[in-house]
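Each in structure tokens, the structures are laid out below.
Two complexes follow with chain A in common, the first pairing it with chain B and the second with chain C.
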Partner chain A sequence: MQHARVLNSGKIQNEWTSIWHIQTEAFFLYSDMSQDRTILVCAKETPDTYSDLSFSGGSVQFSNPRPVLNAYDASALEEALVLSEAHGFRVHVVMIGPEKASETLRKALAMGADEATLLTDAPKDADSAVIAKILAAFVEQFGPDAVIMGRQSQDTDVGLAGGMLADHLQWPWTTNAIGIRFEQEAFWVKRQGDSAQEWIDSPMPCLITCSNNLNDPRIPTLKGIMASKKKPMHIVAIDSLPGGDALSTLAPSTTIESLTPMPERAAGELVEGDLETLVEALMKGLGSIPETGVGS
Partner chain B sequence: MFNIHDPYLFEDELAEDDRMIMEAAREYCQANLEPRALRGNQDEIFDPEIPKEMADMGLLGASIAEEYGGGGASQTAYGLIAREVERVDSGYRSFMSVQSSLVMVPIEKFGTEEQKKQYLPKLASAEMIGCFGLTEPDHGSDPSSMVTRAVPTDGGWVLNGAKTWITNSPIADVAIVWAKVKEEEEDVIRGFIVETSWKGVSTPHIKDKMSLRASETGELVFQDVFVPETHMFPDIRGLKGPFTCLNSARYGIAWGTVGAAEFCYERSRTYVGERKQFGHPLAANQLPQTKLANMLTDITTMQLLAWRLGQLRDAGKVDPAMISLAKRHNVGKALDIARVARDMHGGNGVTGDYRVIHHVINLESVNTYEGTYDIHGLILGREITGIQAFVPKG
Partner chain C sequence: MRVCAVIPCFQEELRSSALEVLTKATIVASSSGGRVEAWLVGPTAEKHSSKAAQYGAATLRVMELEVDSEAKGVNVSLGRRIVDAVDELMTQSTAELATEGAPQPPSLLLFDNTELTKDVLGACGARLDVPVIADVVDLSWDGHQCIAQRPTYASKVMSKVHAEGSVILCSIRAGLFEPDEKPVKATTHRYKSPQTDLLGQVLKELVAPEGDTVDLTEAPIIIGVGRGIADETGKDLVAKLATLIRGEIAISRAHFESGMYSHTLLVGQSGKVVAPRLYLALGISGSIQHVAGMSESHTIIAINKDPEAPIFDLADLGIVGDLYQILPALIHALESTQA
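This part shows the complex of A and B:
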């Protein structure tokens, strides 16, 4: 079996050959070989996309003014915490954002992460490519055994940062994880494909991007929130990372030209009449659907 | 940008801990309590899993010291939790208030070290459920006339009497009971920790309650119940004991009703935006708009009152009359808002699906319990005029 690997950032290929995994009890015996190993969770704070939004002056306003922890990253963190509870990994969370993002990052500590780093002073309008380069510099300096992160962020749904980061690191990368196990010094990742699920063997160090169907992230408890105050949170300016001068002046390779609301769906047509009329209307309706759309 | 949920941005002023606790409580309540609320109210079900869930979240005894199993959080955090729980149902908040304010607070404030160690951790973890017995069948607003009495016996006391309208009593393991004892020929109110499994204690369920149906309410009946000396609060005497507990619970109500009012406002706002009559959304009419404006104005006053009261409690600068003012104002306004919300929903307002009528009927109880709207008016009147008007002069 080979592993998910990124060949280059422009063209992402998967070298692995998938197997239909046959699970046996013996195969998944937990081991305690992972003491003092670290999972790094890369997290982002996003607008609360579940709150009401409105468009004004070419930008989007959300009715909840406070940012939230990206739901996909929350799933990644939850899985890291489950792996930590079973195998003793330390869980460190890194986030790029302004200093006030520390409150969102503290939520990760309240959920149970051991430590956190907030990377501040990111270049203006940083896009996925910029974020991936900054994270790569941090990962190379920090040296975790695995990076687990959301497959995308809930605000833009772009989903590029994970793949680009894996490319910079030249690490095995498994996408769209809906289950993760740690066994025999490797992560076993169940990933959701278009029509089937695959188990991927991914040796350390590796990068895994997670579906939000992976789990139901825990809600921080009051005790967790109070305990989070005592956990280390490092605030680090990006220009102090290796190669930081170049990182802090990176220019985005994409720009947002405009933001517009989704067009409203056209009202449906209510057809009344006898069976013949209804069938005729149905056939007429089907006839208007492009051929590629039928039965796909 | 004008925030239509928090116009004066009071949530921005909260301490980070408090805001995080608020958001965690909101997430729990919306994910776990809201889906149970309709059936809980309709079928009179208090899911026995709820106390354990709340305990796991740290919502029971949130502001009790951590060394006794509490959360060690601020008074503001406790209030914010009440707001989130009551956003779903006042019955769930009643359960939480009783456990936290009326049972854990007196044990922490008035109990011996042994009493604290014996009961507080188990109450925080929901291993034990608590209730509070002050009101009697013939003595509601006038608790000093209570007839429940404890008389001394070898090694303790013998308790006789009855308490009614006791939230949690049918499911309680322990009751904080206030009873009269004779001390130097005078009747003095003293507090006892009574376990409901003891001989002579019964806790009948009150049937056919039409309000707060998602929480258990019953009586506490004591027939020659032996209470060991170790289960009396050693020092607290008089109504100061129960009123200390009630002040804490009333403070929680001032916050909780903010949540109930916000729920009714939000439901109304959504409803009039979606419901079309005469070819236009109801929200396009002047009457619904000004009704929503009135609701939001009142909610803003409620939010700011509760928030400032929390600050005062955290700073140790609160006077009981401040709590009376907030309890009275916020419950009264919440009830007004809920009634208008019911009206704005038209016929749908009386169905369970929209749940505004649940809040209307729940708030009728909340307006009455823990000091009625009028009694709190008389507490304020006494402060303002210097003349008590509780006892009729006629």
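This part shows the complex of A and C:
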């Protein structure tokens, strides 16, 4: 990484947009990692799905036009930063997206990540399977000690990429983390299961996917934002990764044919009034559901 | 062609989500001319195989699986064992069908949508190198193409997803299909579990709080508790009500942080996704994240003191008022009818 730092420490560092042009030659220096251990956070940029949604010509628009860092990935990054503070990991964030996604990736640096890579020129309509194959090529080249990522993205809610990536890498994985500790050279993950919580211990390297109930991701401070402008961000075209020619032409195995508004629930009855009226309405409502046993 | 319900068997009772998957498998099979198989994987696989036949599976593939932890009635295996098991069953069954002289049949593998499935579905898809569609609410399949409907954008948009291939995996959201008995005469094939290399991973401990073995995705009546229930008095009222209407308690994000309830009970985009017969929302405002986890409920009744609360937009019955007055009066009314 030394070369990349040199490139960023001169004149260019005051003009962070120029970092965009530090191309793939820097990438091959990843193998020259310092002895620092690294957590790689895989992040995605999504629309702000918590803003108001509208339809126009079969596509979806959100009232906030600015994309956001996927909330689940933000939790993954927060956890990586906490682990970094306690155990000295370097935190590197990788994102697949267009060059414009560097703005979102810059926020991850402002939160405190040390370095970032934006993988550009992804195949059109990439699905989880395509994303996982690209990330696998990147991870194999990069060689982090752990990958931490969101358990799903807040736009599609698919939640497959983590498991796919782990299987490509043949790494142990733990999903839906609600707590992570690093002890005795292993990651101890508390996972929320269906009806219990599991403590799972994985040696390095391993992959962890995070619930967004794990923590509250920090808001970048002004200092963090200033510092982020000097941090290295590598822009790497996917076809320059190992096996890149095949990766950049991968066809998705699933395609979205259409998006339609969810059928709205019919507007119900709203009851206001004195206590007697309210309880009466409730008794009637509960009585209409046989499973409550109220009507019988 | 075959439609295979993949059923992890780690509990004494077969989950109702497994029966729903079997029912959906029989529906898809009858419209596509396929056969229904049940792949039962886990320590209680043998025990549940007859039930799978009762729900329409003519071929039962049974694989006993090692358990990594057993505590308080909850069995858990690490996900890698399940991925290896599915991979092995696919290889073995394909080989068997080939020796019977048939060409490799197109296979649709259906999973439920529990946390256990979410842990392994992506890895299964990568291992088999086949298309995967997660969390579908409906699907059709013709042996080659699969068209599935799945909610997206926090359940505000329905996405129609297309996949094609000789093998396709889908997970099905729970609570949407009524399990339907269709007894058939079944043949059972038994398989030895493969040797799984856990890559050094160890399941250290299972934290199953006493009595907290409720699986919300299975519950017909759910009482969702939000910020409006703020103290032990409120918690006691909710507990009483739950007993009276046979409900299970769920929580919104507010109580994930309050510490009043177990984290297992969280319903929402980041917790459990449920579709019970009745969702009774108590003091829940109805954030997008929470609604994404319960909007498919058959009936929603909401009580909230704020008439503008977004939860009322989707409630079949909305009650505007103070929970601390309404709940005691409601409990009294319920007790007097049941007395």
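Basically, the second predicted complex is superposed on the first by the 233 of 296 C-alpha atoms of A that agree within 3 Å, B and C clash if a C-alpha of one lies under 4 Å from a C-alpha of the other, contacts with A are read in each partner's own complex, and residues count from 1 in each chain.
FYI, a residue touches a chain if its C-beta (ideal position, glycine included) is under 8 Å from a C-beta of that chain, and two chains touch if they have at least 3 such contacts.
From a predicted model like this one, the values you see are computed outputs, not experimental measurements.
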Which of chain B and chain C A:262 touches, first, second, both or neither: second
Touched partner set for A:194, first chain B, second chain C, both or neither: second
First (chain B), second (chain C), both or neither touched by A:221: first
Which of chain B and chain C A:157 touches, first, second, both or neither: second
Touching partner for A:60 - first (chain B), second (chain C), both, neither: second
Superposition-derived comparison: chain B or chain C, residues of chain A touched: C
Doubly contacted residues of chain A, that is, touched by chain B and again by chain C: none
Chain A-facing residues of chain B, complex: 1, 3-5, 9, 11-12, 16-17, 19-21, 23-24, 27-28, 31, 56-59, 62, 66, 71-73, 77
Interface residues, chain C side, partner chain A - complex: 69, 71-72, 74, 76, 78-80, 83, 114-116, 118-127, 130-135, 147, 151-163, 165, 198-209, 212-215, 217, 220-221, 244-247, 253, 256, 263-264, 266, 269-271, 277-278, 280, 288-289, 292, 295, 299-301, 303, 307, 312-321, 325-326, 329-330, 333-334, 337
Interface residues, chain A side, partner chain C - complex: 47, 49-50, 53, 60, 72, 128-129, 132, 151, 154-168, 170-176, 178, 188, 190-203, 206, 211-213, 253-263, 265-272, 275, 278-279, 281-283, 285-286, 288-289, 291-294
Sites on chain A touched by chain B in the complex: 61, 63-66, 103, 106-107, 110, 219-226, 228-229
